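Take a look at the structures listed below.
The following pair of complexes shares a single chain, chain A, combined with chain B in the former and chain C in the latter.
What follows is the complex of A and B.
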């Protein structure tokens, strides 16, 4: 508690500058923000630590439809939503192409150009780029849509129900298919299999394994480097999947904490007033940058791995 | 002396486990953030340097900069995931 009140003291201190209008508005906003928090704290006080609320339950997967291994839970729903959103939006736009594009078509054309010229064209030669463009573009769009769908609050939290006119409906929550390790892992496996397959097709099984060792290295050193490269090939699986999963999960976690979970756990309602602006800022950051950036990284790395697998010299 | 210390440890074993988990989360999240913060700072600093030297290569540099940013940022999340594993699952 003392940490919160002490942090508020220096920010409220500076004297108002009447010269600048913007500065005054900002100062008033900061004053309202910090003053409101102090007032709320004085009124409501601290309710003590709340040990019944478990933040990890927000990410728990309950089976809704029991079908053994194929049970339908929250992640499956989000996976389907992302797939439908990807296919529907792209087919819709492709069918309504016009010579004088509107704003949406311009945006999609920019995405297409990014995928064709930068992601595939920049990392693969012409023949490979043509062959693998559909795969890489689909990965990019699917991951981006999956991340973005995850930031729309949907009534999927069956752990906590809310009561609306006598109906128990699940409360709204954020979740994304990519915030679950399985889905990025499957995508990474797909990438692993395709670039290994492509490398073996280009150079033959023996040639592909030989190609792992850089030219000019011989003897015991070559054996050591071969082991290292083989290991790094499997590490790619981990790094590809964990990068995507952890970015999205951490984004959801920090939004959850800033949007109120911190206040609930610590039992200080006034803290929610303090953290909610950070929550909104982080939400904008995640939607605006991280969602598209992670898709871009995944697709770019796929292209780089594919290019590396068929390259003549290592 | 030693035996007394061990019995003392055994007596508070549950609390110690809790403390260890907290330390795991703190080290995973905190040190991960330190490393990634330094790395991201270097990437953006170097990108600004490169763009001021060769403004005509701005687009290419920006693309590489975001690639490097995301790869570095991921290292923070490896630490964080390990910390969360230590705190909630192990």
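What follows is the complex of A and C.
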């Protein structure tokens, strides 16, 4: 990558137009990119398919501290990191709220207003919004921070260690708590329990179950729709958790592949040179959009489900 | 129960690891950890972060609303003051116009009176002059009559060689004077 960026410097042309300068720079970069790949392929060639490397093992959870069912592994570490990042940043900002905000405070205020006015306020009535705001806002922030922490390379890969002056340091890797199904599943379960509880509280157990069938549907069709709606409620549990888990896992996997895993598996070193720019682009895309978007979707769906559970007409 | 679940998951670990099945295998321990960590996060945020942010935003909103209210009030006051000022300016202008008008009228009256007084003075002076002329003429006529009488007496005494009595003198003077016509002098003096 350093070769690519150093080659992007213009070679002292006599004051060309900016657009042609940019075009030339891009052409040089593309030339270095493709040329570098050819050179690397010629030098190193193909080492044959590597069957020992299993990319999924990057996500394997080895217990580091054995405490029975509460054993601490990589996912627990990332959970704690996400919680610490969420609490520390929010409490730090909250304690230093100024009447004339700086940029960070403005960003946090915008985030808070998004959670309060759009996600919660837009889907729930005032009373419900006030009651459920802490839950929905924590979901949003916790998932977002968890996703973002997952894009920081940390020395957590205990399967592959680097020898630094005799010290065996785990190699740096990307991992996210939300890339493990257990974590989104628990959050989705909390959502499921919350909206079911709210629905039952608002309408009573019978009323809530009756509310699953749309008004006007009677007889056999009502039974069929009831079954379908009941199933769809459990499907929400699946869709909420799998959407988040699969998005983050897929994002990490594709970054992993573009950052070199593909080259390792296929045994073609030159391929890593080719895929690394895509890896960088995907990394930026995941950090800039997917991390916050998935948190937003999860929190918004939670608010919608809660609002739907207490609504008069289902 | 949790321990047995952990043992179960451990015994299947090698099978799952090779196939990648662990990716979709929920772990009960991790689920409990998630519950605890999420619960703690929610508790901390609800106690330490959200109320403060909400309060600060509320305070800011109140301050903004207050500023808007103050600005509106100030503007209303300014409008009121401006209209009052305009009213006063209008009154002052009217007053000044009135003063100028009155001054003009007073000047006109004064001018007219001065003219009238001048004319009166002039007429009076003319009358006085006329009277003076008449008096002077009368005096001159008296002098002339006296002269004529004396001349007539002297002439008569010379002619008659006798001294006339007072009776004769009076009769002669009256006769002589009656023959003389002073009307021209008198009227000429009057005209002057």
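Basically, the second predicted complex is superposed on the first by the 295 of 314 C-alpha atoms of A that agree within 3 Å, B and C clash if a C-alpha of one lies under 4 Å from a C-alpha of the other, contacts with A are read in each partner's own complex, and residues count from 1 in each chain.
To be clear about the criterion, a contact is a pair of C-beta atoms (placed from the backbone, for glycine too) under 8 Å apart; a residue touches a chain by one contact, two chains touch by 3 or more.
Since we're looking at a predicted model, the values are computed, not measured.
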Of the partners chain B and chain C, which touch A:68 in the superposed model: first, second, both, neither?
second
Once chain A of both complexes is superposed, is A:266 in touch with chain B (first), chain C (second), both, or neither?
neither
Touched partner set for A:76, first chain B, second chain C, both or neither:
second
Applying the document's definition of touching, compare chain B and chain C: which contacts more of chain A?
C
Where does A:56 make contact in the superposed view: on chain B (first), on chain C (second), on both, or on neither?
both
One more residue to check, A:296. First (chain B), second (chain C), both or neither?
first
With both complexes superposed on chain A, which partner does A:118 reach: first (chain B), second (chain C), both or neither?
first
On the A-aligned overlay, A:243 touches which partner chain: chain B = first, chain C = second, or both, or neither?
first
So chain A touches chain B in one structure and chain C in the other; where do those two contact lists coincide?
56, 249
Quick check on the complex: what are the chain B residues that touch chain A?
63, 66-67, 69-71, 73-74, 77-78, 80-81, 88
Chain A contacts chain C in the complex at 54, 56-57, 59-61, 68-71, 73, 75-76, 79-80, 82-83, 86-87, 90-91, 93-95, 97, 99, 108-109, 112-113, 116, 133-135, 137-138, 141-142, 177, 180-183, 185-187, 190, 249
Touch list for chain C against partner chain A, complex:
2-3, 5-6, 17-18, 20, 22-35, 37-38, 40-42, 44-46, 48-50, 52-57, 59-60, 63
Would you tell me which residues of chain A are touching chain B in their complex?
56, 118, 122, 239, 242-243, 246-247, 249-250, 293-294, 296-297, 300
